[in-house]
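Here it is: the structure, laid out below.
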Amino acid sequence: MADLSKHILLMDGPDNKGLIYHVTGVLFRHDLNIIHNDEYVSPSGRFFMRTEFEGTYDNEALLKELYMTLPTGISLRLNPKRKKNIVVFVTKEHHCLAELLIRYAFDELDADILAVVSNYNTLQPLVSKFGIPFHYVSHEGKTREEQEEVILKTLAIYEPEYLVLAKYMRVLTPSFVDHFPNRIINIHHSFLPAFIGANPYRQAYDRGVKIIGATAHFVNNDLDEGPIIAQNVKEVDHRHSAADMATEGKDVEKIVLSQALKLVFNDRVFISGNRAIVL
Amino acid sequence: MADLSKHILLMDGPDNKGLIYHVTGVLFRHDLNIIHNDEYVSPSGRFFMRTEFEGTYDNEALLKELYMTLPTGISLRLNPKRKKNIVVFVTKEHHCLAELLIRYAFDELDADILAVVSNYNTLQPLVSKFGIPFHYVSHEGKTREEQEEVILKTLAIYEPEYLVLAKYMRVLTPSFVDHFPNRIINIHHSFLPAFIGANPYRQAYDRGVKIIGATAHFVNNDLDEGPIIAQNVKEVDHRHSAADMATEGKDVEKIVLSQALKLVFNDRVFISGNRAIVL
Amino acid sequence: MADLSKHILLMDGPDNKGLIYHVTGVLFRHDLNIIHNDEYVSPSGRFFMRTEFEGTYDNEALLKELYMTLPTGISLRLNPKRKKNIVVFVTKEHHCLAELLIRYAFDELDADILAVVSNYNTLQPLVSKFGIPFHYVSHEGKTREEQEEVILKTLAIYEPEYLVLAKYMRVLTPSFVDHFPNRIINIHHSFLPAFIGANPYRQAYDRGVKIIGATAHFVNNDLDEGPIIAQNVKEVDHRHSAADMATEGKDVEKIVLSQALKLVFNDRVFISGNRAIVL
Amino acid sequence: MADLSKHILLMDGPDNKGLIYHVTGVLFRHDLNIIHNDEYVSPSGRFFMRTEFEGTYDNEALLKELYMTLPTGISLRLNPKRKKNIVVFVTKEHHCLAELLIRYAFDELDADILAVVSNYNTLQPLVSKFGIPFHYVSHEGKTREEQEEVILKTLAIYEPEYLVLAKYMRVLTPSFVDHFPNRIINIHHSFLPAFIGANPYRQAYDRGVKIIGATAHFVNNDLDEGPIIAQNVKEVDHRHSAADMATEGKDVEKIVLSQALKLVFNDRVFISGNRAIVL
């Protein structure tokens, strides 16, 4: 008998008349009280719903009744809300990693950091302060596939639900990405889709922009092209060099990444084509 | 037979188990399809819901069935969505009024401006360009009550649903406000509750703030204290004089007022105590 | 004898030791008081300075002494501050044009709108309310060059200092742009360099962005590539359709364009390569 | 012989004709090249200037010549730019402290954290990770003056230039504040001057605001009233409880505090009455 005070039900499937009615009917008959309900129907006719409710219930019985009541093709997740297990990938920059470590240390991340993977050992001293395993997997003298092979073996130990690229400056192969569909989250240091690819702050400086930004997104196999979860921006002016923009940008990057992770880890993000739906 | 493509149902009352279920059941039995549904339960246990749905139905029959299905104490509004009738109040500043006139002229206001009332005749030439009646009701040589008496008689001609104070620089009497409960919307030229009262930009300058703002709110009988509908801000620095801040602030004021009116006129705003709920 | 209370001196040229010293020395010997002085040296070694000062002086004598004191290659503009003459270009959308007309009508634009040019007659009624000439130059049945020829003849009457493209949806030919170097200002309905070209809100929707923006920039002969003067942004979410984003974006566009024009018309913008320096 | 590549000269005093000319003349005669010069004259006639320049010079000779050339009453600081020494004060919340510790650990703070002082021992484990002395000075069973007496003795060991109140939830006595004029910086968890005093997020929730903020300011002897250095804000809505607002607000607080400290530690902040001038 699940007995926590707050439960979450997630639904995803083709739109149909009566979906909200059918689901809320099952909950009502189980004497469960809805605290918050949010739904979205995409232009292509896909239905997404996230329901928070209170009460005591039998997990299996509730799911069974829901599936019987709903049309086929609807996917349900009951009560996924708990801490996610993640592995964080970094290269040399510390700001996003440090932000995650501090939040983790004070139980504010909604996730457990199982390990940190890096192609440099630069950040090992920082990670060790927090008692988390650090795996240094250099890319030097290895093909991309060879390095990823080592990483995959490491990940096999931890079985993380999500990989968080917290300024990991290597492009992942399609094969690697395919292992983790919609489970890799990246922070890109620009306001996508502006300045795709390398050196975005250099590009931003050369273009003379007056605002810089950062974008947290799921990784798919088109470079910097997966569904965007969160973005934020900051004003700059002509006195900012490319290096100044990079410095200012770090504050935006780490906060945007944290906000995106909070949404994902609280099961508030659905994926609809190349768009992220935040309920 | 109502036959528009999109309908709105608004609910407001004490929270109870099954409210969403009961309402969506009635809609389902009438073969109506919910496009968007948003609800909120306040900490004090009040339930608010806004439902957009599609289909053809008999207005009276639907409302009757809803009232029979729901517990007593729930207030319903079916399909209030249409243009609101408003009267705009101004003093001498044109920026908010001009914004509303332009939007009205191009059918972007979701309201009809029936008339403009002012305690000065400064803006009469602007209003006349748009073919709208302008009522100059000077406050000179009159008590507050006497001036408001004239205004009330003018309003009686138009029977507006909302009064919009678009930089009307007179404080209304409690008696006047009581005629229009939750139907008067004001734009205050500060980020409330900072700088309540007169000369907020002067106050902001003296305090050396780095950000200024504007607040659109319902008017009740505590000065600058009604439910806040929308707010926005803008960065300033030490080079901005109080006059510069006022100039910069105008751009914020007119946009915030327009955004707040859009929410109200689209029936997306509920009032819960001194807080505005935007669904 | 110029005798206004506040004067402006603009300098632009190769950097050299002592430039500020030499200029301020000339002003000091003429008993003039500097109120505000701002300068910038670009990474490529170009010096830009904008000086506001008070006092009475002989224009010719002051300029002569400045040129004698400064190294060759420095360009000076003394006291350009006054209203600029502009012609506004539009197509069918009214929001930016209306913003400029209202500001002009209330003497807040720092410019005189001499005329409005459009490839449609849609906005003629709006323009006529403000007593400004409207030139309808259709592009139908004409080559781009033929249409521009007609426009150039119209502009020859007015001799405007700046052309403002307030949602003019035609790409100008290089030959036309060459007539007005750094004198054409455009508002682009996206956060450049994201979504260059047509239908940026459609592109933004398809990409699932969480923030939209607008960019005011000088026009050169690379599409959407001239120096950026001002940018601003607004949050959106998955519920915004492409049309909703366009509606929300209009508020950003008109304010950004107005802010950029204010900077340009107050002689606060210098051009350094493809970057705009705002002093 | 000072020989660093970039030097800073700060000036502060009554405005006078020729001040910029006189200073830049001295620099020119010493063959020094100004990279950036920014000045401000307050409405009350006070002159502030910050000059960055390059070159080699004799410190004493330069200062002497500057003082001889300038009118009396001008205060000069030559080349203060170096790391500041600071002591950080905290209570139980970690987010601002952690932000400073991480920046310090990666040499991004422009300051050395000599010690952390707290009225609780909650954050000792965090501080110890970074090898910084932690002084637990409980207020229990002590008068305010007694507790501050202990703190003052501790500070006497370190002789810090600045005290940073990184969520220190005790009001300091006027006597304590007088020991550190314009040298105590506080982060206040609201958009001052809204919600002065305790529980600002509770106040913000009750008032139903749509934007929350944070303010970094110098501490003087009027509660929450010293010169404001930096402010920032974040949108909230009716779904945010007071606790949610507090959580969201933490991200704003720590970034605003860091930005304010960067300005102060880089000698870019002057104080003019109750206003902070950022050059």
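Read from first to last, the chains carry the letters A, B, C and D; within each, the first residue is number 1.
The rule is simple: a residue touches a chain if its C-beta (ideal position, glycine included) is under 8 Å from a C-beta of that chain, and two chains touch if they have at least 3 such contacts.
Since this is a predicted model, take the numbers as computed values, not measurements.
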| request: Tell me, please, which chain's centre (mean of its C-alpha atoms) is farthest from the centre of chain D? | output: B
| query | Quick one: chain A and chain C, Cα centre-to-centre, how many Å? | reply | 41
| task | Could you give the separation in Å between the centres of chain C and chain D, each centre being the mean of its C-alpha atoms? | result | 37
| remark: Touching at least 2 other chains, the residues of chain D are 36, 40, 239
| query | Draw the chains as dots and join the ones that touch; what shape do you get: line, ring, star, complete or other? | reply | complete
| said: Under the definition above, what is the set of chain D residues touching chain A in their complex? | reply: 36, 94-95, 98-99, 102, 105-106, 126, 129-130, 239, 251, 255, 258-259
| task | Quick one: which bits of chain B touch chain A in the complex? Just the residue numbers, please. | result | 17-18, 20-21, 24-25, 27-28, 31-41, 235
| Which bits of chain A are touching chain C when the two form their complex? | 40, 43, 191-195, 206-211, 213, 227-233, 237-239, 241, 272, 274-278
